[in-house]
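Each of the next two complexes has chain A plus one other chain: chain B in the first, chain C in the second.
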Partner chain A sequence: MHIPDAFIPIWQGAIYWIIALIFIALALRWAKNELNEEKLPLVAVLAAAIFAIQSFNLPVSMGTSGHLVGGALVAIILGSPFAAVFILTMVLIVQAVIFGDGGIVTLGANIINMGVIGGFVGFYTFKGLMAGTKSMPVSAFVAAWLACVIPALAASVELFLAGMFPLVEGMIAMGTYHALIGVIEGIITVAAIYLIMKARPDLVDQGVYSVKGAAPV
Partner chain B sequence: MMDNKTFIVAGLIIAILIGFIAVFMASSDPDGLESTALVIQGEKSLTGVTPPDAEVQETLEDTFSYESLMPDYSLGEEWGALGGIIAIIVGTILAFLVVIGLAYAVKMGAKTNQ
Partner chain C sequence: MIEELFDIERFANRDSFIHRLDARVKIIVTFAAIVAMVAVPYSTLVFSVGAVFFIFFIVLWALSRLSPWIYIKRALVIISLWGIVILFQIFIKNPYYSEYHTIASLPFGISIYAESVQFAFILFTKFIITVSFVILLSSTTRIQDLLDGGRRLGLPADFALALGMMIRYLFVFGYMYRKIVQTLESKAFDPFDRNLPYRYRMRQIGYTIGTMFIRSYEQGERTYTAMLCRGYGRSSHLYIKKKPLRTGEWAFLFACFAFVVLTPVMAFVGYLHMP
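After this line comes the complex of A and B, so read on.
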């Protein structure tokens, strides 16, 4: 759901950039306080893996393909929505600047959708469902699915404001496609959490293991 | 449990392998956003297949345009799949280095402020 530069007028892109910068500043503060020598490798490897997985478009029927975004995955593993903002911002910058995937002016909007909205929806859905269901796979799957669908709906509102999409038709199409793509997001998120838990259980946030530990200490 | 070095090497190898497979196997269908644009511009139906010649029209004015170094994760036609593989490896390692670099930069900044 990377919005290209041709889809949003420059002045609107500038507004999204300003909002995005506020969250980027908060994400940098998170990195300053939370990242230590132990956690840094996980964070950097996650960024590399998310870049690679995002290049793998899987067919989802209806003439459409999609890939993992990873906002929910990062927020759940590292126990903060700002972790998602931090990592997704860096991945999106590399994609836009070097590979022309998403735009430069629209980068702010893309950071808001996939990093901020994806990270917050993913993290708090997971936290809430863990408290209710006590099941990591169920909570992570639903959290990741919503962290794909809600940002897609946000993007369709932004593109309505840009004069690119009609509101209802845009939301129906974006919602339909990303409801399918969200299944990919859910499956890969659950699988990746298992994989990282197996390789380095110490690096995974306590919230993944227990409901009590989900509260930030 | 894996030590940090093994974890980083294993993680990067898995990432690059995924990207390598993607060069050959990724779907060429448009993503959800492009599909939506095609539906709205009448090039495709909501649930139907995407015609091979379908293209999103750029209808807006006052937008920005930018030529990236490796558009569409490739080095152009003449490089073929090799260009795609190079692009994925460059991107994966760059994403890794940018995050490491920035994390060190904010940590260093934090130390000098104390």
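After this line comes the complex of A and C, so read on.
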């Protein structure tokens, strides 16, 4: 899902950068207001952990493998989509500048896909489903699955606009592959949230336990 | 990817003319080369600009006194991620050509087009050049120096602080990742082992990731407390010592920047053409 530099024309990359910068500024404001600034270290350390967590290769099917993106996990645990934007931005910068995974011109597009779309889709899907189903596993699984699939579809639209792929075929290919990876993302996200709730319930945002009067899981 | 981190930092700690350059110089030259390469339209101009840029890269790599194998190994890892997508281009008609000529017809109505093959080469040239400069930057600049350089170039203070702390803990989690993987291996647990139930494998990995999350959170809390003890507060920022560029660094920066900007311009006006 990390679009590399050559794959998007420079003017499109500039547009994605401008959009991404708006969300980065909002995420910085969120960090200052909601984290009381002093808790920035906590988020920074979490970003390093997400980077490490992304290194675990997980079996998908037919010999393929994938790894966790973690946008939904971060947004759910910290209780804000901006947490995902903030943390994924830092992770993507390190991946692009140090490892060459992703790109410099395409960094804006990658932040939009994985940080912004992944974070917002993951968080609000979870919140909405928690209000309806009152079930953490169902809500977290669907939220994480969508937070994996929708950014992949967004990436395929961006690659279509860049002239790399036909729209329908690109969406089918990216969507199918990430629908499989999304299942793993969903299972792992549920298991990770479950463990954190058992071991350190104080760390988890209250929204995980209760949304609009829902009973604790 | 995190396992590569230790090797990259080891390469970056070596000594050479390129290693000693200020990080700002290397960041600007790298980003300028990438932007210049991406800015060249998807046309055969990419080949001439790409050839000149690759020679430029080879000169810089030679000056860094790093083994070519380091570059080849790192490049192959990145190419393996997107090489198949580039190869796939040979079957696709894209909007950059108005006419397509079939050079091979395959079963299921799949065709290979001459223009699509050319486009795949154009894409690969752009891809390998941009990736090469990133490899050069990270193999010759320590991560902390990259951050300091970014801060001196205007990276927002709040972001630099968080990014700096993240980078510091990348290595802690790199070791933690190694330990966890070794522990799982010592217990003969392989997530790709089909003899184990899939659900069991997923649960174990989920718990492992959850454990890592908790340990990182607790590490964050300890770090926060330690920072408070040292006077960390709302107005704290990373201290960046003023460091003006030396005359030689200014000259190198100016020469490289001019070269990187003028090469595509010269190709565009027709002074640079591959036979």
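Definition applied: the second predicted complex is superposed on the first by the 198 of 217 C-alpha atoms of A that agree within 3 Å, B and C clash if a C-alpha of one lies under 4 Å from a C-alpha of the other, contacts with A are read in each partner's own complex, and residues count from 1 in each chain.
Convention: a residue touches a chain if its C-beta (ideal position, glycine included) is under 8 Å from a C-beta of that chain, and two chains touch if they have at least 3 such contacts.
Model, not experiment: these values are computed from the prediction.
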_Taking chain A as the common reference, can chain B and chain C both be placed on it without clashing, or not? Answer clash or fit._
clash
_According to the stated criteria, A:190 is in contact with first (chain B), second (chain C), both, or neither; which is it?_
second
*Examine A:94 and indicate which partner it touches, taking first as chain B and second as chain C; both and neither are also allowed.*
both
*Once the structures are superposed on A, label A:77 by its partner contacts, choosing first (chain B), second (chain C), both or neither.*
second
_Tell me the contact category for A:103 with respect to chain B and chain C: first, second, both or neither._
both
_Which partner chains sit in contact with A:164 here, chain B, chain C, both or neither? Use first/second/both/neither._
both
*Name the contact category of A:152: first (chain B only), second (chain C only), both, or neither.*
first
*Determine, under the contact definition given at the top, whether A:181 touches first (chain B), second (chain C), both, or neither.*
first
*Identified clashing stretch of chain C versus chain B [110-118, 128-136, 146-154 or 254-262]*: 128-136
*Using the superposition described at the top, list the residues of chain A that contact chain B and also contact chain C.*
2, 5-10, 13, 28, 31-32, 38, 40-49, 51-53, 55-59, 65, 86, 90-91, 93-101, 103-105, 163-166, 199-200
*asked:* If we count contacts the way the header does, which residues on chain A are in touch with chain C in the complex?
replied: 2, 4-10, 13, 24, 28, 31-32, 37-49, 51-59, 65, 68, 73, 77, 86, 90-91, 93-101, 103-105, 163-166, 184, 187-196, 199-200, 203
*Please name which positions on chain B make contact with chain A in the complex.*
1-2, 4, 7-8, 10-12, 14-16, 18-19, 21-23, 25-33, 35-37, 39-40, 44, 46-50, 58-73, 87-88, 90-100, 102-103, 106-107, 109-110
*Could you please specify the touching residues of chain C with respect to chain A in the complex?*
1-5, 8, 31, 34-35, 37-39, 42, 74, 78, 81-82, 85, 89, 92, 94-96, 123-124, 126-127, 130-131, 134-135, 137-138, 143, 146, 156, 158-159, 161-170, 172-174, 176-177, 191-192, 198, 201-203, 205-221, 223-224, 227-228, 232-234
*If you look only at chain A, which of its residues touch chain B in the complex?*
1-3, 5-11, 13, 28, 31-32, 35, 38, 40-53, 55-59, 62-67, 86-87, 90-91, 93-101, 103-105, 152, 155-156, 162-166, 169-170, 172-174, 176-178, 181, 199-202
